[in-house]
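One chain, chain A, appears in both complexes that follow, with chain B as partner in the first and chain C in the second.
Showing the complex of A and B:
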């Protein structure tokens, strides 16, 4: 069941394009990249206009009828997918099975749009499985041993998660008799015995926590990101794992919030797991030796902030979690695409073989610095605002210890990220890096555009804030 | 009806944990996949059982058909990964999947 039929087009157009590509690009493989980019660009312009047209800005977004969370997520999905396809169009020009690659990307965009627009748990499960299948294929798409290993680990460690979701659905059928988010909310408000429904929803929540790679279940995340071909790992870390896991966790947190006192323990546990992933992710990132692996661990740590905010569950915290989800997608795209350019230019992903690339690759160096600072939460950039909202919400909700710890580990994250920046870009160039040249302008374009977006999201924060308040926070109260 | 329901869920949990045990102890990738399948079969049985209890068999049949389709696709993808990995490395031992580190 789709909440809003108007949003169905965002899901169908990539799917039709994916069906079209093998026929249209049979003679000329290069045509598949153009087709994929055109479809995603059209979707991005469309959703961008729907969000930011002057009438909406003038009324400070109060006239948006659709679910603001879904709209914002569709925008983010199209943005990241367009960056990745544009980058891959120039990055993997000589790959044999390009048409299949673009088909898989477009199918997974369609599945993700399905996830964010659906209104009930069973449809959510179907789209999550579709997304998982396309991402296994994408990780293994370059036929390398590393890619297959990453894909197999992702497969074996996340497929049990979907079984927990199924069990949760069975219990939901038994206790609530319905899967629809709205009906469950109404049911809760009418005061049914909540324990059984909380148990069912918590089982589903457990499944999505495994899929989002929160700490006790994080073993597959670094391997999948490291083993995948470079643009795919950007796609995977920035948006796929976030939509298939964290998005649903936020949705369920909104729902559990309505139980208030009855789901107290679930919310407590969610906050604990969030804090644990912040700590473990930040510390493991300090120790990692491979650039992509280090990025994957800091991505786990950022996921921790989102889960922590979802755990406290006040409207302010949910708002912060949603904004951090968007920010996380943007800066992770920049960093992973930069790691791909580095890998291509210097021929190595290990950090000890990279040094002093600042003068050889100035654009890559500066965009990485902007993304690192946004991830660590330095004031003018977008990451600062979302972390500030999350920490304020934690303090406000009475979790002072968590607020202080989150602030503290934000500093640890900053230390780790700046140490990485120093190792790779500053200092004297090693022999391997002496003849490195800057990546081609076409490869830099998506990265620079995303860096500008990081700064713009930070500078124009009042607009974003009014959007989040009007379309998400104001509608949370039943 | 209710008496049968308790018996159903006794066996469903038994099957679920049998599958989980199979996944936890075996080293072969094929056995891992079989364990996964056993677990998912117990989920299907669970949905049928709840549908029978709540007099909602039509809904649960619809769900089951969707799930069977999804499962078939998941198993196909898993087996294809397994075959590709076997052609590349010549082994189906999960402990040989330890090359990514650092």
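Showing the complex of A and C:
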């Protein structure tokens, strides 16, 4: 939380580096990439050690004093940001305004760390706005028409979100007189003026639902992802929209203690929207013609699982939602970075022009397959465990219909994803794909690392589980 | 080795050994089979002697567990049946020694010994599961027997028909055994009989299923239809061995077991059994009257005889059951003998059609005498064996109070005799056709079994006390029935009834001969060409009453319906969801145009609904 001074460093160091880059890299533009990578790598090693040091493993994470959710999110943010900057360093070597690009990335990392460590709504709002501004700039950073359109759409369709969040915060101040998560938790648990407070929090929740791209507020995500430069779309889809939206949704779900106090029906609303996202996203992905657009729709569907789990709100469901959020970030990074490699190698993102790339690009093909399978929830990959926990929690919490539907649409997701894999990588190579060559090892490195992580998270799931239990689920009960 | 295993293991091992013997050896397979079946016969004798005079041999081995043990028990009834089975195996082995049209000798004797082994196993089993194992195993040799008896497709088709009908009945039996053992809580027949089941609810269902299995095996209506086809498409040794003898022995044995030993039947079921018996007698014998082929006519008579046995067992009293079992033995002896004469005549003349035969008495006197004795016996002419068994059945049915069934059975007897008179007259008497002038008597290997069987007809007739006292009464004691010993021959009303029956048949035959201008083979045409009956006969010849053929005729349509149903479910489970998903995702593609106003409108509509719900349920109103 905000009073953890130790976590402040994760915000400040990227910010300082962002300020430093324009000066340091004025002569040598390539230097900006090195600086950004170094800063993020340092942060990642730091947070990685903080999480995984032997003492923690020995005590099965019970001795971590900080909020486990925040720590895990910081780890994920640094991980994804490092992958994207490393990829960008080789992917856009000859871009003129590279320094600005890395500045924006580092600033947004800083803003995201602020979001996940803050303890009150107002600070949260400030950082979310900061993140939104850096995102607009990032989407438009390649000066293309599509990028501008995507940025504008993102801005215009999510600005009501800011409005609702602000309005909700004001209402909260009126009714509860406090912004602090801890105080609101106490207030809701005591149940005194709960109705009005819940309404205020619901308004804030609506804002974050829009930001996370839940159906029916999803329309901007495919366009933004398609229009943005390739690494940026990975960054956006994998982490930015999740931190600026879904993270807050889970936070609020924890705060509202939805499972214990069912009478407010916010739970039903949240679950319904989650289920709707799963269905619409999975079905729309089936027929998408463009690889990135298809990924964006699948991403909506996966967000649906997280929101659905947050809606039921039991400790087990929250645990599943958090883990699915991490998994989502990991496999989306792999897929969007692969789509960038594909676009560069084959010169096309439309799926009908791609075919039979399996032999030309074996690494890309295999890593995509692993990510697809993880997204569809195939054991023993990481995505299987998070989906399993979510579905078990739904069944356990009495939402049997949702559990069955979630399972069913998991199969639809699998069908869509495997069909995509088949269209792009299997079969006979088209003419456009005849002379394609595998991406450079440097571009493959982050993707392969993330694929290994997908397998590792699945295989070493017992550690992850005990981490989630000890640092999140066990502390949910006041 | 336990002596009870000899009639099972020895023929089975020899059967496989015979398959290894070269096709070029002469008489080696035949001799081996005859020797082994003789040993089996001897073993069966010893088992029966042991069961009668000392202790009943038993054999038990752990099999699957859960009460499914491989338990054999030679009580007095089953060892008597085993003796009969072994006798027929031995006689058939001898009869086939020089019979050329038996198909490949290797496979014929393999089938013969395999059948002996499995039939012995079925008879000796005390555990219902072991019985089921042997019972279903007989299907294999049944199919092979018919399919390999003649080259060409007809025998394969008939073999498949016989196999399918018996397999369906076998499935019924399996289900019945499952239900029965579940209800009784035991698979051991001696265990179940200690605490008989009554026919109520599921037990009745289980009994009926087992009844279907037993009745089909014995060849009674309505599952007999493969038998006349087999008469045309297979050979005399098979007919004399399996349908005439073994199927009767096994089917009626099992019918007696379940009806008397395992279940306590009620009046309704008794009526069902007796009606089935009477209908089988009459319908089959009516069919026999119209036949013009030697073996085919006999096959219908074989079916009709099963009716007497079912009628007798259905009486459910000691006299009826003893008569049923005795008639089982007698009919097996007589019909088997008749089929053997058919084989002999066919071998020497090459013809089975009655219109091409005639006047063979002088050429084949021994065969003719055997035929006459067996035919007289099966028609119930005193004092041959058939008379006594039928009389016991009638007594049983009368004392149970079902006089109409006795009248039906007497009518059946008259028609049986009429059919046999027609057959005998047209084959052995009358004018001999030109081309049959060089006909010689059958070889000794074929005459020997016929003579034995004909002699048995006489011995079991004049000395009817012998089989009754040594085989039947002790056997029935093992079924917990205590029959009085047979009274002996005296002119009671039933005897006079049999005289009337004989006279009726003779008069009928003379009338028929006169009506058809002396052509003996058309002596029954005045019945089969009678106004209404003619149409019925035509339908029967067109296999209209054959459940198998009717089912097979409807099978394509049925398969079509099932296919349609399958397509429908496939559509529901596969096409419909994928169609819906496709339609939806196409719509969503058309919807996600990138049009900003559309998106905004959607988003705003979402806001409004969300806020309404949040406000409504949040309690702010």
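Rule of thumb we're sticking to: the second predicted complex is superposed on the first by the 469 of 478 C-alpha atoms of A that agree within 3 Å, B and C clash if a C-alpha of one lies under 4 Å from a C-alpha of the other, contacts with A are read in each partner's own complex, and residues count from 1 in each chain.
Rule of thumb we're sticking to: contacts are C-beta pairs under 8 Å (C-beta built on N, C-alpha and C of every residue); 3 or more make two chains touch, one makes a residue touch a chain.
Everything numeric in this text was worked out from a predicted model, so none of it was measured.
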Based on the superposed arrangement, let me know which partner A:269 touches: chain B (first), chain C (second), both, or neither? second
Chain B versus chain C as contact partner of A:136, first or second or both or neither: first
For A:199, using the defined touch cut-off, is the partner it touches chain B, chain C, both, or neither? Pick first, second, both or neither. second
Have a look at where A:210 lands relative to chain B and chain C in the superposition and call it first, second, both or neither. second
Name the contact category of A:96: first (chain B only), second (chain C only), both, or neither. neither
Can A:223 be said to touch chain B (first), chain C (second), both, or neither? both
Given the touch rule stated above, what does A:122 touch, chain B (first), chain C (second), both, or neither? first
Just to be sure I read the superposition right, which of the two partners does A:157 touch: chain B = first, chain C = second, or both, or neither? second
On the A-aligned overlay, A:290 touches which partner chain: chain B = first, chain C = second, or both, or neither? first
Would you tell me the residues on chain A in contact with chain B in one complex that are also in contact with chain C in the other? 149, 153, 156, 160, 222-223, 288-289
Residue ranges of chain A touching chain B (in the complex, touch as defined): 122, 126, 129-130, 132-133, 136-137, 140, 143, 145-146, 148-153, 155-156, 159-160, 163, 166-167, 169-171, 173-174, 177, 222-223, 226-227, 288-290, 293, 350
Can you list the chain C residues touching chain A in their complex? 581-582, 584-586, 588-589, 592, 594, 596, 598-600, 602-607, 610-611, 613-615, 617-620
Chain B to chain A touching residues, read off their complex: 16, 20, 23, 29, 32, 36, 39-40, 43, 46-47, 49-51, 53-54, 56, 59-60, 63, 66-67, 70, 73-74, 77-78, 81-82, 84-85, 88-89, 94, 97, 99-100, 102
Can you list the residues on chain A that touch chain C in the complex? 149, 153, 156-157, 160, 164, 194-196, 198-199, 202-203, 206, 209-210, 216-217, 219-220, 222-223, 264-266, 269, 280, 283-289, 412
